């Protein structure tokens, strides 16, 4: 029997070595595998290369990993945010390398790694600083730059539900980088709300086939759902809107 | 109000000019837009380039289009089949051009056209007759050949259900080339069983977003379903197994 | 020459140029205002590059869904007819030229349509590009929405961009507080003047040659 | 030297080499026989390149579903745990090296692992390749299943393929009616002999140098 489920986030991230390239899914909070990142911090691997759209917010998730100086290099499209002080500090200090990649090229390079494409010509970035030094070619009247795949040793992603074969479905825009990162890593580790019985996921609606998935850990239903139905009552970070005061603040900030 | 539905297959294929490049979905019978092909034959456009996995079977569909000598050139992976006598005759006669493309390169070239990729390096076919004359390059120890996108003026595809925005879902392996061809054509024409009310397709399960679709025509439920449930009772071509004799024959041939 | 539209007025002006049935991406910042002015009796489908078509307005606070955000990472809703897809498919949709209109902010736009909107090039600044370069080349029509002048009174329409480029020759039209400009093979053409502005005055202000296409646009 | 396994016996032999949990593509023709011999108490997931993982056996006649076929365009079923995807995703899955094993038929296999199985090169024949070249390079392990000799008694294991190539250096192992051969950096090695066959006799029959790895394989 194939059973890709593991019983804890510690088991899920076991064995990630120093020096590994780790893809981390998510776009902002949506689809960010927060618990797996925390487990990776706990696990202790260092000298990592992180591939992710952002480079951490506030003091949690990727930012916490960076703060522990476990990361040598970041490949991302958008490190600078209002609350990216951890990355900003390390970068200014020269303590972290950055490869800045336009978001669509980042996505396509990850997809290329998963799909066995050796390199591809993209129009994005041509004529800009970010394509400096890259090979360019005019094809059919348009200029393209050559981009190479981005592979990883490990992908940490967050999905909605899985089965024991590792088939995945996602929820709304939290899908973002999950499916392509799952295809581009040697070992793909997934956190989900629930691992359902084999056959319960409609084969028409599986987004990531289990062939791309190695380990799945179930963490229970996300707080803004109840028995599968959206109930809300949280802020953008998934924290409960506990008091009228909180609600007023959230409204003010929206 | 956006409404991409048209009321007849004739309206669906209206305006396809002589000399057009037409992608036709399907892998064998599964996903083949038979009624749209018949409408194209009726419509009369000629000097066509057809992009499809196969080059027609027996005397129907693409084979019937070929038999009327409407096709100048075929781009496909597998023209030769036990019942591809129409293509075979034209090819031997020198009356039709063939560009033979490995199936995965065909799919990726169509996908590249839809995704704005200028060209890509693929390992498939390297060192074979089908990559003769193509630019090759060693990347990371492996040799790749450069392949270019295949675009089309029109795509004719078959899906399962649509809404009036042109969102599509497919059924089982009939999905095959539909999603990528829809993205690679200037005008995408789709035949479906049913056009459901907007909002009835779950946004998580839409396979082809309506942005890739221009015209949709509803043809009624396929014979092997009843009220959405599979009932069978047909052969591989969808023809009813009417008598015990038919059934015995079908069993003998399976 | 005194007429300047407010951001809101300009957003409304842009909204009125987007035909029903268009697929549209509204960039982060001022361009998002355009969504509020799209006519309610028409269907215009909004794309957000983090993986959705058919984006709806912001939810009320108690209905914020952390899984459902736009490219600015703000909470949004999904309309009936929406669809979700992953990042490679989403950017393939843009790169492949399937969107009709993209509206972006800018630091500078050059006569040849070059766009600079991702970096001020300031020394020591942390670089970040996000989807800016993909958006720049990712629609049939790229509209820029911006103030015509910097706070220091310098023209943001220029002969050649001095800021780092986002994309080459990609801008179709520039909506500013003073006027609407088309990018043409011969440089900027004034398509529409707001209030009492004139082409001559604008040309002097910007020290740029401007063709007068206000007549053509009205025809 | 007389022992020759039947196709069915050979299929069974191949099936026994595929570990539980493998993702496997079985090529059209004889390789499809392998499916019948996969152990029922183990889960091995079959891929069909026309867009499915978790393929099940053929349905009974009255339950044939024209929408659900394999790469040979024959009717199949879907197991619990199956998934569907489009052609670009399906071939990306292969090209990206995600399948564990692919079993294909062949006209010839060369000492360096070159495979010829798509064309006899006959003049005037209609060419057709399908997914052959993608399958050749599309798995971690490519197993060939074939008769060792042609009907004319010629060896299908060769120094250099005379038939048009399908893929370069892609074959890992060759299962034949006489023996199992591994492709190694030094040419063919006999991994397993059937019945009373010997390495020496095979080497003579094929006029090829063959390493004897039968001991290693048993260890």
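Of note:
First chain written, first letter: the chains are A, B, C and D, and each begins at residue 1.
We adopt the following convention: a contact is a pair of C-beta atoms (placed from the backbone, for glycine too) under 8 Å apart; a residue touches a chain by one contact, two chains touch by 3 or more.
Note that the structure is a prediction, hence the values are computed from the model and not measured.
Following the contact convention of this document, B is the list of chains adjacent to both subunit A and subunit D. Between subunit B and subunit D, the centres computed from C-alpha atoms are 28 Å apart. Centre to centre, using the average C-alpha position, subunit A and subunit B are separated by 34 Å. Centroids built from CA atoms put subunit D at 55 Å from subunit C.
In subunit D, the positions touching at least two other chains are 52, 78, 84-85, 88, 91-92, 94-95, 138. Multi-chain contact residues of subunit B (touching two or more other chains): 108, 111, 115-117, 122-123, 170-172, 203-204.
The touch graph of these protein chains has some other shape, matching none of line, ring, star or complete. Checking each pair of chains for touch leaves A-B, A-C, A-D, B-C, B-D. By the touch criterion stated above, subunit D contacts subunit B in their complex at residues 48-52, 58-59, 61-70, 73-75, 78, 84-88, 90-92, 94-95, 114, 119, 124-134, 137-138, 164-168. Every residue of subunit B that touches subunit D in the complex is listed here, in rising order: 27-31, 53, 77-81, 84, 87-88, 91-92, 98, 100-108, 110-111, 122-130, 143, 170-180, 207, 222, 224, 230, 232-238, 241, 247, 250-251, 254.
Across the complex, subunit B is touched by residues 20-21, 23, 43, 45, 47, 52-54, 78, 80-85, 88, 91-99, 138 of subunit C. Subunit A contributes residues 108, 112, 115-123, 137, 139-140, 142, 144, 148, 169-172, 202-205 to its touches with subunit B in the complex. Residues of subunit B that touch subunit C in their complex: 1-2, 111, 113-117, 163, 165, 167, 183, 198-199, 201, 203-204, 206, 209-212.
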